[in-house]
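Following are the structures in question.
You will see two complexes here that share subunit A, one where it goes with subunit B and one where it goes with subunit C.
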Partner chain A sequence: MSHQTRDRLLLAIAIILAGIYLFPLYWMYITTIKSGSEMFATPPTFWPTDPQWQIFGNVWQSRNMGRYVWNSLVIACGAVSVITVLGVGCAYVLARYRNIWVDIGLFLILMLQVLPASLMVTPIFVGFSQIGLLNYPRLAVILAIAAKSMPFFVVLVRATFMSVPQELEEAALVDGNSRVGAFFNIVLPLARNGILVSAILIFMQAFGEFVYSKSMIQAVELQPASVGLNSFMGPNTNEWNNIMAYAAIYVTPILAIFVLLQRRIVSGLTSGALK
Partner chain B sequence: MTAQIELTNVNKYYGAYHALKDIELSIRKGSFTALVGPSGCGKSTLLRSLAGLESISSGTLKIASEVMNAVPPRKRDVAMVFQSYALYPHMTVEENLTYSLRIKGVAKAERKKAANEVAAVTGLTHLLGRYPRELSGGQRQRVAMSRAIIRHPKAFLFDEPLSNLDAALRVHMRKEIRALHDRLGATSVYVTHDQVEAMTMADHVVIMRDGVIEQQGSPLQLYDRPANKFVAGFIGSPAMNFLPAVGGQDGRSIILDLGIKQTIALDRAVQPGRPLIVGLRPEHIELAEAGEGVLSAPVALVESTGATCFLTMQTTPELSVVFNGRSEARAGDRVGLNFASASIHLFDADTERRLPD
Partner chain C sequence: MKRFLSSIIDGRGFDIGLVSLPLAFLLTLSGLPLLYNIVMSFQEVDMFSLGSFWRPFVGFKNYRDLFAQPETWPILANTATFVVASIVGQFLVGFGLALFFWTNFPGASWLRGLFLVSWVMPGLVVGAIWNWILSGDFGVLNFILRETGLIDGNIFWRSDPGFSLWAVIIANIWLGTSFNMILLSVGLSAIPRDLYEASELDGANVWQRFWTITLPMMRSSIGAIIALGLIFTLQQFDLFAAITSGGPNNASNVTQYWAWDLSFRQYDFAKGATISVIMIVFVMIASVVYVRSTRHEVRG
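Showing the complex of A and B:
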């Protein structure tokens, strides 16, 4: 087989796989703008004959989505802030010091990541309710998400810090800076890309978080969009176009961020954003 | 002359590992001192201790007569040039140069003036706006040097600054660094594993091995009177020949063992029967006609660079000879070898220390 045919074959396979993977997304978007009868037509149509654009506005209004999305934003931003502030320091220490305790710490951090949220939610719920944190349910969810996602962030950012040569810091020390000054002046600017990318990934995770929010936030007016979407669905639901419109409104911003920053995210993950 | 840097009885441990052992060193103000030795000998650790990047475990470290044992790097007023240059990649050349001044709180106009002055000296004027990644190796090296110069520090510390350059540029930068040192009248400490660099640049050479200073002195002192076999073998290229021998019965000769035993007259007394190591520099051996000279041996290999000729003799251990010019000798020929009795170095076979002349 020549190189050219092989390349074409591989490309064809890649396109087919991508198509299969992206089909649900496509289906979500076109179901949104289908009318009620078209939605259940057999055979299904792959392009709506009569696009219902007004559905977005209607769903936004009727489901009070503004409030849900705002809550999602608050939770996501809160979790990202907590994780960034605490995680950057943690990752730096783990990157710069090497001894048995650091290795144990790193192992524990990786262990934490293995535990699923649905397993952790019961002990967290009990603990939080004991100390009265459930009276501030959004804060409780922020803390729970921070605990859950911190290991992922620390591992990523630690790799970024390790790619910043230690000699640069030493040069700054000899040049007259303090340890703290060298960190903020030299190390942090050089690790900025890696930290930003990791923070965006955390944001996207937190924005879509469901398990903790569903369990800990009882008040409807404090629930995020993921819980709102869930409460939309019941055993006899048949308004799939509305649900899909809700989902489309919810995921499109995240998709947009990802597409816009995709290059930086990929390079930030692989290269540590330096050199 | 006053000492700019003084180390007394300095020790450094990494856990159980003894990295620096009883270091005694006094570095004269305005001198160029080279710390040289094989990798892992402690020379970099010593330099980093001077900078304050490593703390010493015991002893006293003084810079400009002040005890610096526990003083952090930023308060020591020394500048360091790193092997990797350690230029700040997110700053332009000008920002790299003036970083230390910015921390000190020097006004912007003054910083700019200082950068321009230093750049004029080191030939960086047209590069001030560039980023380190846009510079060649030699230019980066210059920026690293300039960053040190701009501070007028109490001492310059160089950590193998030339090892990342190609051979031609290295020779050029060697001269440039030395010229800069002379012009600034600075005190420099220079770490290298390359004895040629140490010999050509420094006026005081410190040879280290396994955390111990084996010998220190002027380059020619080390070359002429190495204190032990290690120093003798380290200084000089190609390396000194070491031949086993014993003291002759008359007390004024040695019996060399080159596969066959040969008696050679000496210009000094030696204990009869004492086991010795004879050191003979390749450049101190001259070729003579076969049958003449002090020794006679067959040639194993002839290598010529045009200007210089390297001969390896078919003896055990091998004996190398180097001289300027060319040789008619071919592998297998038998030639005579001649050397002055004064050029023989004698070391004790057990302690490897130099015997008194």
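Showing the complex of A and C:
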């Protein structure tokens, strides 16, 4: 078997495997454009005979998706801002030094990273309601997400800072820069890409966050798209084409960002989570 | 004052400022709730005392009540099944895929990265898609299983107590496989190629090479990945909310969903806190294993 045929054969198998794995996504999109009767046909059709393109507009209108997606955006942007502002400096210091205090800090951060949101939401909810923070439910959710996701961000960004040569910063200091100047003019620009990719990962997580929003936001007009999707799916629902349309509208921007930045996201993720 | 300011701009104060602010934030919003959780698990909390800090302490009453409830042990058993089955499934499928993509052909790394979409999607969306795929009468999975002759009649994945937990497990395996695969790929690519060349010269076959080189070299990555898998599986909540809601009759309920259900559906915050405390202890143990297995990396 020549080298080329082997490569082609492996590529073909890989595409088939990816196809099987990504079948649920395909099924979501294909169900969306099926008509009500075609959706429940036996045997199911794997290619729609009569695609219903207007469903996207209908669902967007009838489920008031503009509001839901806006709330998701507000929450995700808020959480990413808090995490980036606080997390970058923390990651920088943890990458720059190596002593017992840094080890303790890292250990604390890794331990806080693993607390499940659905278990932490009880004390956070009670505490927030006592200090009156639940009157600003989106802010409450932003803070809770920030606390949950910041450790992951710090671990990822720390790996980026480790790859910035320390000599560059020292050279800047010798040239008369202050620590602040060296940090903002030399170190941050060099680590920019890694920070950006980590921020995008955090954004994707926050954009799909569910537990905190479901528990802390009672007012429908402040709920994000994940909670909207949950209330759309009643126990005996049969509007699957509408639900899948909702899911498709919700998830397509995330998938688009992911496919565009795939290489960077994967390498950023692997460098931080496990070397 | 001047010295203090200049230290912030130009000295140790800069570092301490950068690291103490986020740590303070984390300790306030994660550390304090953690302690508060433990306190609440020893208190009597109801809708009336929710607003005050000084609630009556009741000792271990919440814990005793919890274990006196008939559903507690089945739910704990469900959690164990869910965790073990999910981790085994994710790991085996992920490892298989990682080994396949390791053969290195053009396009391998791009296609491999594509698998990660399952991991970046919102959990609720994944749950919604699987809810539809697993639907009893019209679900496509039942159709495929029927056509291939694996089953005769439809399986009612979401409403049959014997299958509802497995419905969530299937979705969770799909969700987590890609992450396992990516991390295992990283571990595989770190194995020096000359080890394989040497053993090939010595006449070892594929199977022997796998057992004597690949597996032993992967030991620390595998440990880390299984610990991470445990941590992620115990965090899985969205799929339960989207597929079964813990039903029917707690058949697919697990502790991390139950804790939320007790607090926010039945307003029994004390019990919710109690079960949270128990589970957080488990998670902490898993994360110590994880930190230990990546320690060489953490210390650089």
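Here, the second predicted complex is superposed on the first by the 251 of 275 C-alpha atoms of A that agree within 3 Å, B and C clash if a C-alpha of one lies under 4 Å from a C-alpha of the other, contacts with A are read in each partner's own complex, and residues count from 1 in each chain.
Here is the rule we go by: contacts are C-beta pairs under 8 Å (C-beta built on N, C-alpha and C of every residue); 3 or more make two chains touch, one makes a residue touch a chain.
Note that the structure is a prediction, hence the values are computed from the model and not measured.
J.: Using the overlay on subunit A, decide if subunit B and subunit C clash or can fit next to each other.
T.: fit
J.: Look at A:178 in the shared chain and tell me whether it touches subunit B only, subunit C only, both, or neither; answer first, second, both or neither.
T.: A:178 sits against subunit B and subunit C alike.
J.: So, does A:103 touch the first partner subunit B, the second partner subunit C, both, or neither?
T.: After superposition on chain A, A:103 lies in contact with subunit C alone.
J.: On the A-aligned overlay, A:50 touches which partner chain: subunit B = first, subunit C = second, or both, or neither?
T.: It touches nothing on subunit B or subunit C.
J.: Touch test for A:154: subunit B only (first), subunit C only (second), both, or neither?
T.: After superposition on chain A, A:154 lies in contact with subunit C alone.
J.: In the superposed arrangement, which partner chain does A:15 touch: subunit B (first), subunit C (second), both, or neither?
T.: Only subunit C is touched by A:15; subunit B is not.
J.: Between subunit B (first) and subunit C (second), which does A:170 come into contact with in this model arrangement: first, second, both, or neither?
T.: A:170 sits against subunit B, while subunit C stays out of touch.
J.: Give the label of whichever partner, subunit B or subunit C, reaches more residues of subunit A.
T.: C
J.: Just checking: does A:190 make contact with subunit B only, subunit C only, both, or neither of them? Give me first, second, both or neither.
T.: first
J.: With subunit A as the corner point, what is the angle to subunit B and subunit C based on their C-alpha centres after superposing, as a multiple of 10 degrees?
T.: Value: 90 degrees, nearest 10.
J.: After the superposition, pull out the minimum Cα separation from subunit B to subunit C in whole angstrom, please.
T.: 8
J.: For subunit A, give the residues common to its interface with subunit B and its interface with subunit C.
T.: Of subunit A, residues 178, 274 contact subunit B in one complex and subunit C in the other.
J.: Show which residues of subunit B lie in contact with subunit A when the two form their complex.
T.: It is residues 51-53, 72-74, 76, 78-80, 82-84, 86, 88-90, 99-100, 103-104, 147, 151, 157 of subunit B that touch subunit A.
J.: Across the complex, what residues on subunit A touch subunit B?
T.: 165, 167-168, 170-178, 181, 186, 189-190, 274
J.: Within their complex, state which residues of subunit C touch subunit A.
T.: So the residues of subunit C in touch with subunit A come to 9-11, 14-15, 17-19, 21-23, 25-26, 29-34, 36-37, 40, 45, 50-53, 97, 100-101, 103, 105-118, 120-126, 128-133, 135, 137-138, 140, 143, 147, 174, 177-178, 182-183, 186-187, 221, 224-225, 228, 231, 234-235, 237-238, 241-242, 245, 256-257, 259-260, 263-264, 269, 272-273, 275-276, 279-280, 283-284, 286-287, 290-291, 294, 297-300.
J.: Which residues of subunit A touch subunit C in the complex?
T.: Residue positions touching the partner: 6-7, 10-11, 13-15, 17-18, 21-22, 24-25, 27-28, 31, 39-40, 42-44, 86-87, 89-90, 92-94, 96-98, 103, 105-127, 129-130, 143-144, 146-148, 150-151, 154, 162, 178-180, 183, 201, 204, 207-211, 214-215, 225-226, 229-230, 233, 235, 240, 243-244, 247, 250-251, 254-255, 258-259, 262-263, 265-266, 269-270, 273-275.
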